[in-house]
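In what follows, chain A forms one complex with chain B and a second complex with chain C.
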Partner chain A sequence: MSQTATQVRPGGGGTPARTRRPPAREGRWLAWLFLAPAGVVLLALVLWPIVYSVWRSLFDRSGRAFIGLGNYQRIFTDADTFTALKNNLIWVLVAPALVTVLGLIFAVLTERVRWGTAFKLIVFMPMAISFLAAGIIFRVVYDQDPDRGVANAVVTGVHDVFSSSAQYPGARPRDADALPPAAAGGYATADTVEPGSTVPLPLVGVEGDALPEDPSAAQAAGEPAADAITGTVWFDFARGGGGAPGEIDDNESALPGVVVQALRDGEVVAEATTDDQGLFVLEGLDPGGYQLALPAGNFAQPFRGVSWLGPDLVTPAIIVAYVWMWAGFAMVLIGAGLAAIPRDALEAARIDGANEWQVFRLITVPLLAPVLTVVLVTMIINVLKIFDLVYIIAPGSSAQAANVIAVQMWSVSFGGAQDFGLGSALGVFLFLLVLPAMLFNIRRFRQEQQ
Partner chain B sequence: MKRSVGIATATALVLALTACGGDTGTDTPAEDVGDNGSTVDETPADGGESTGATDGSEATEGGTAGGEGAALPDLSGEELEVAAVWTGTEQERFTMVLDSFEEQTGATVQYTSTGDDIAPVLTPRVEGGNPPDVAFLPQPGLLNEFAGRDALKPLTEDVEATIDANYAPVWKDLGTVDGDLYGVWFKAANKSTIWYDVEALDAAGVTPPETWDDLVTASQTVSDSGVTPWSVAGADGWTLTDWFENVYLSQAGPDMYDQLTNHEIPWTDPSVEEALNTLAEIWGADGFVAEGALQTDFPTSVTRVFSSGDAAMVYEGDFVAGVIGGETEAVVGEDANFFPFPAVGEAPAVVGGGDVAVAFTDTEATMALMSYLASPEAAEIWVAEGGFTSPNKSVDTALYPDDISRGIAEGLIAAGDAFRFDMSDQMPSAFGGTPGQGMWQDLTDFLADPSDVQGVMDSLEANASKAYGR
Partner chain C sequence: MSVATGGGAATVPETVETQRPPKRVTGPLGGWGSRITAFLNRGLVSVVLTLIAVFWLLPTLGLFFSSLRSAQDNTASGWWNALTAPAQLTLDNYQNLLSNEGMVNAFFNTVWITVPATVLVVVLASLAAYAFAWMDFPGRDWLFIVVVGLLVVPVQVALIPVAGLFGDLGIYGTRLSVILFHVAFGLPFAVFLLRNFFAGVPKELLEAARMDGAGEWRIFRSVIMPLGLPAIASLGIFQFLWVWNDMLIALVFADSSAAPLTVALQSQARQFGSNIDVLATGAFLSLVVPLVVFFSFQRYFEQGVLAGSVK
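Let's look at the complex of A and B:
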């Protein structure tokens, strides 16, 4: 078909091409006859749905009332659709560029490594996986639980190398009035304490794993020296319930290793760590009032990793999954373009003294420009209609934050609202967005053929 | 240099690939456990529809002796067709119910399974003038729809008398459209059950609470004991709507519940505010809800309690038992148990679902079958087999194969007229049934920030107005 087009065009208006006789009348009929099946299929499966979508988009949900451009107006006024538009814009700006750049880097590098083919194979491998499967894989990759999600396993692993977690994460005072949260973090007594007194510091909410293997029973502190403050830090919760709050009961465990500080005017003047019986002694104190503090370091929650699929990160996270899938495709196309570059141009530049970076920037990239454009435009078309990854990866709570036009189109038409009018309008809108990129690609193909 | 970079990247990719493979592999559901005499034949992926709880393998003799209750006529030579969504084990057990009808009447009943989605199967058949004689619909909305199209036949007085004798009036109302009685509620689901890790509650010395205040106190005690009390499936909006429905039904009462369901009162009503504030006592309390709730889907919310030990309690309907049996090592009845959703207002209430039998023809045989389905004899056959909860109050609860399913059924019957159908299932699905939209999204936002009651109410009202078109 394209051949006929190129051959007819030079002839132009009416004058038959000199090289070929005008087709005989019966020949023309025959041509139409052969074209008919394809034509019918195109009409029924491509043209008619487009025309019907445009038509349907002018009607309301019931399909009976004509509302003109009402559905299109809703696209731009509805908050949900607006998020979808915004996300699509982010996708179009980021994903194709990222895929093309990565593809270029991979293509250039694989030309130079000995195991290039193996590397290419591995980078290309995700293409062999369906979007659905890739979506499910990445849902697990981004799982919040570091034991399941590899992304958070890496993040928490790196984090824990640099900072160790607290001994009693999440533990808190039994009586929040006597031991309120301190400004500097942790907890400090509301009242001041004189040296020579005993201060019980009951805690609750201590996780089972945080307790020592065989915890000792908590003990009441004895009478302290005149310049010291003593006391007990213990888990004020008896297994199975019971026991009086704030009292050291028989079966309550001591909490060893808790740091206790004595504060005077907000300054730390003494510090002690509880022993196996949960006892601490703060010594060498001058007479006067002190606040006792349990610094935040005792209770810091363990680092739980990054909430990849939370509303803030969900779109970038899905874009990464997309890039993982398509970088191989870009690499193969660009690699083919690279192989077609005349070697003598590169050699000539090198002989003229250009370094590798200059060769890449001034020779390779300009010569590759047509291929890069094709990749970029193909990716833009591909990204505009992105559906599967977003639909699968985003959990329900982030579904709105990750919304894109194609998903919105699906959810208003089939996902519940059953509004085919608005759905069609979104479809037509998406079609209009893709159209320029498609026309551009078609024009390029024509130019190449000439 | 360049080569080593390439190889390093390649290795990293390979590692990432294998890590992914390993991770997805670890998820294989455990084998069905039959320790407590219950196996699980289906694990609901989305949890929403399944009404099957546990299926007792202590099969007792199927048919009960005929002739009790409704006297069935002789229907030799008559042929009937029954359509429902049940397949597999459920189909087998329902066929046992039909077999007993065949034996007693001499009629031939053919069962057609429609698969999960019954509406697209029934609608064309109704329009083509060839509907089955009897079909089981999983939602009141469908009943209304078919009644509205005059496709259903009103039940005869005999059938009505059987229903009056065996059901709480609420079930009759649920089967009535514009004053005509069309439906017999044969199967029910109880969505007012809170499932807990027995060991965690024992360690905290907590006994199952009976009022909402007790529940909040119990949650605090569990939290003090060092265990996070709640696992909430914030990634699946429908679990949050069920939370809200339980609180609202018990607090505001069934009448208000019905009005809110039909959007006759706005979502900015003070009763909604009160319910949301009540919910916030648990959703918003420090350390009550396990971290990462918004990323937790329903099956994970269950495994977080019964496998990973992240939390002590999880709320959802009777089908949680299926997930516990299918995906965790915990044994329902030993390691895992449930208590009814506590009373928030004066009386406890039960939110649930069910399958309603409707007649598309009005022959003597069809009506005899409807009458039979409304009788306790029909329900008891399946009750004894397990995986079935009957809303029929005359059913002998001793026949349930285990304590858990008996408890679920007794809770449902005891609620009587305080039973209400799942609100979100009765609303336009754009509002009550779409991920990321309407009530699902608004309650997700509320879980994320339980202090913003006003904002959530405004958003609920705006979305409801849009979906109801008023």
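Let's look at the complex of A and C:
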């Protein structure tokens, strides 16, 4: 858990509660009686363990040999632990800032629409669910297969809009002598072709699922203009058998979306894409001999989306899931701060001619600074201890790359290695990392009491 | 209820209640031109917020629809196909899950860990908070600063020693061990939250009770507890959600017969893909309770967040 001891009241203050406390009337022992149950639990399960962990971290795995700061040295030298440190640094630098900025934007924007409350509810909701459930949710989102994972479905969808050519991996010409492989990849005609002619380009080896859902029958090209070369690209394979090789038979499918180029001396001078009937027309050609080419792009494996949970992107991908969970928290805290800002100050600035951006930057944000600090500190503490999300989302193959201190602490102590020396050192190390936040909390609390 | 008279530390619910209704933003001159700009601005803001809302909802919807489709359908195609082919939707996964003894057992473990851990924290913290707020004893202010300091202690620094201690006591692996650890790490926040709220109770009420001859215990029970109910509700919801949603602590302390839903599901998640029907259904089952709590007590939840802390 991550907690920040403070009230969110920009410009707030007030009298300290303790000035109103009555003098003790009954024996002091009664106060201790009220405190005792909580005190015993805190002493036994929080305070003493901190001390013991510090002590235990100075011993080796078995707990018999004193090795001083050896375990702490291992934190910085061991490759796994060092990756964890690096990732924690990325987390701390990126996630809290992202959460705070998004929370600020959401809080400001929701004030301007009538359904702001509904929006707040939607964004706040993920905070109520567990890291585990959020982790499983995002495993589904990040599924590598674009047919299953919504992230890759969107990415491949956008990609396909911008590159409309269809792809037929594994397809090859029917007649390898007439259409041999080209030096630049793909295939090019062995002979040159004059404008005004018609060139059939039969392909075989097309995978079933590369064809369109309901493929049109291939059509023979009509007579071209004098400055054009036309032809058909089709799947020269008659379903159910029959059909002559190299001939367009009745039940053979057209291959739409294939890019056909006219080359002159190796330079592309015209390019066309086949239509639904497999027809292409290369126009505006000067008289002379041209090679027709089917560039390699036609035969490339289709774009299958981004490997979100691969070693390179796994940490940013998990950070997105984290932001999804916590932006609502920032939004609610900042929204409350925003509501406490005197409207008069904003109106006055507007009347003085300040535009919305200036009002936001010069008045809103400075007045919100205390709240923003609280959100940022809370998020930093929270992120330092991040465990479940990384543990659940990172698949085995990327677990190493996504490692963080809390996960490493669990793995070395309870995940098999049983190295309580290093585990204690990692626990103490985490404790030291949140120490500044603890001091921040205490200082802030004492200020509020005065 | 109003506790606005309290000090800065006693205004937990006030912050929310004084929230003003959003004010419309109009241009400085208020003429037609600026009204149109304002309208367009609002339109643009609406579009942006709608997109964000969709982005925020999609992941959860995905899990929900996945949980309603058969394993074969989920392997063959994305959950969104169920939107156009509602025939795919089935409750089979839920039926299978409910007949899965391990999962049902895990669900009840979650309940039997969460409820006692929540009740215990509320009771222990209320007692301590009352002492901090209204009783006099030496070192009170220093002790409370220790409590404030403990707010941010990471559980990692206590896992190993407490595991050893529980082993010595012979309770390692049981639900009790999980409950105790949750109580310990829930207490600092609970004491902090309640003490601040209790301190805001009007002094006159306590004085009057003392005049009537009520002792500390009676004041605690019949004045402070009823008046502190909103804060206790906030705390209860937080503690409930924190324990319900926890995985790490149960992963360390619970053996397989005491393991809650989160731990049972994480072992399934190790072979993600082949068992999406179990995983999605179980995850949805595990998040439905927090969501119900969230929507029923949303006000208290928000107040808890505003009281300055979240787990």
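Just so we're on the same page, the second predicted complex is superposed on the first by the 291 of 450 C-alpha atoms of A that agree within 3 Å, B and C clash if a C-alpha of one lies under 4 Å from a C-alpha of the other, contacts with A are read in each partner's own complex, and residues count from 1 in each chain.
Please note the rule applied: a contact is a pair of C-beta atoms (placed from the backbone, for glycine too) under 8 Å apart; a residue touches a chain by one contact, two chains touch by 3 or more.
Please read all numbers here as calculations on a predicted model, not as lab measurements.
Judged by the touch definition given at the top, the superposed model places A:Val365 against neither chain B nor chain C. Within the superposed three-chain model, A:Leu30 lies in touch with chain C and out of touch with chain B [touch as defined at top].
When the two complexes are overlaid on their common chain A, residue A:Leu69 makes contact with neither chain B nor chain C. Note on chain A: of its two partners chain C and chain B, the one contacting more of its residues is C.
Touch criterion met: A:Val428 reaches chain C, while chain B stays clear of it. Legend: residue contacts after superposition of the two complexes on their common chain; A:Ala190 is shown touching neither chain B nor chain C. Looking at the shared chain after the overlay, A:Leu109 reaches both chain B and chain C. Using the contact criterion defined above for the overlaid structures, shared-chain residue A:Tyr52 touches chain C, although it does not reach chain B. In the superposition on chain A, A:Ala348 makes contact with neither chain B nor chain C.
In the superposed pair of complexes, A:Val268 makes contact with neither chain B nor chain C. According to the touch criterion, the shared surface of chain A, contacted by chain B in one complex and chain C in the other, consists of residues 109-110, 112-113, 116, 118-119, 122-123, 125, 136-137, 140-141, 148-150, 153, 395-396. The part of chain B that touches chain A in the complex is made up of residues 2-3, 5-7, 9-10, 13-14, 16-17, 19-20, 23-24, 26-27, 202-206, 221, 223-227, 234-237, 287, 291-292, 294-297, 308, 428-430, 433-438, 440-441, 444, 447-448, 467. Within the complex formed with chain C, the residues of chain A that make contact are 1-9, 12-18, 20-26, 28, 30-32, 34-35, 37-39, 41-42, 44-50, 52-53, 56, 106, 109-113, 116, 118-119, 121-133, 135-141, 147-150, 153, 324, 329, 332-333, 335-336, 339-340, 343, 350-351, 353, 356, 374, 378, 381-382, 384-385, 387-388, 391-392, 395-396, 406, 409-410, 413-414, 420, 423-424, 426-428, 430-431, 434, 437-438, 441-442, 445-446, 448-449. The touching residues of chain A, counted against chain B in their complex, run 80, 109-110, 112-116, 118-119, 122-123, 125, 136-137, 140-141, 143-145, 148-150, 153, 170-171, 174, 204-208, 210, 235, 237-242, 304, 307, 309-310, 394-400, 403, 411-412, 415-419.
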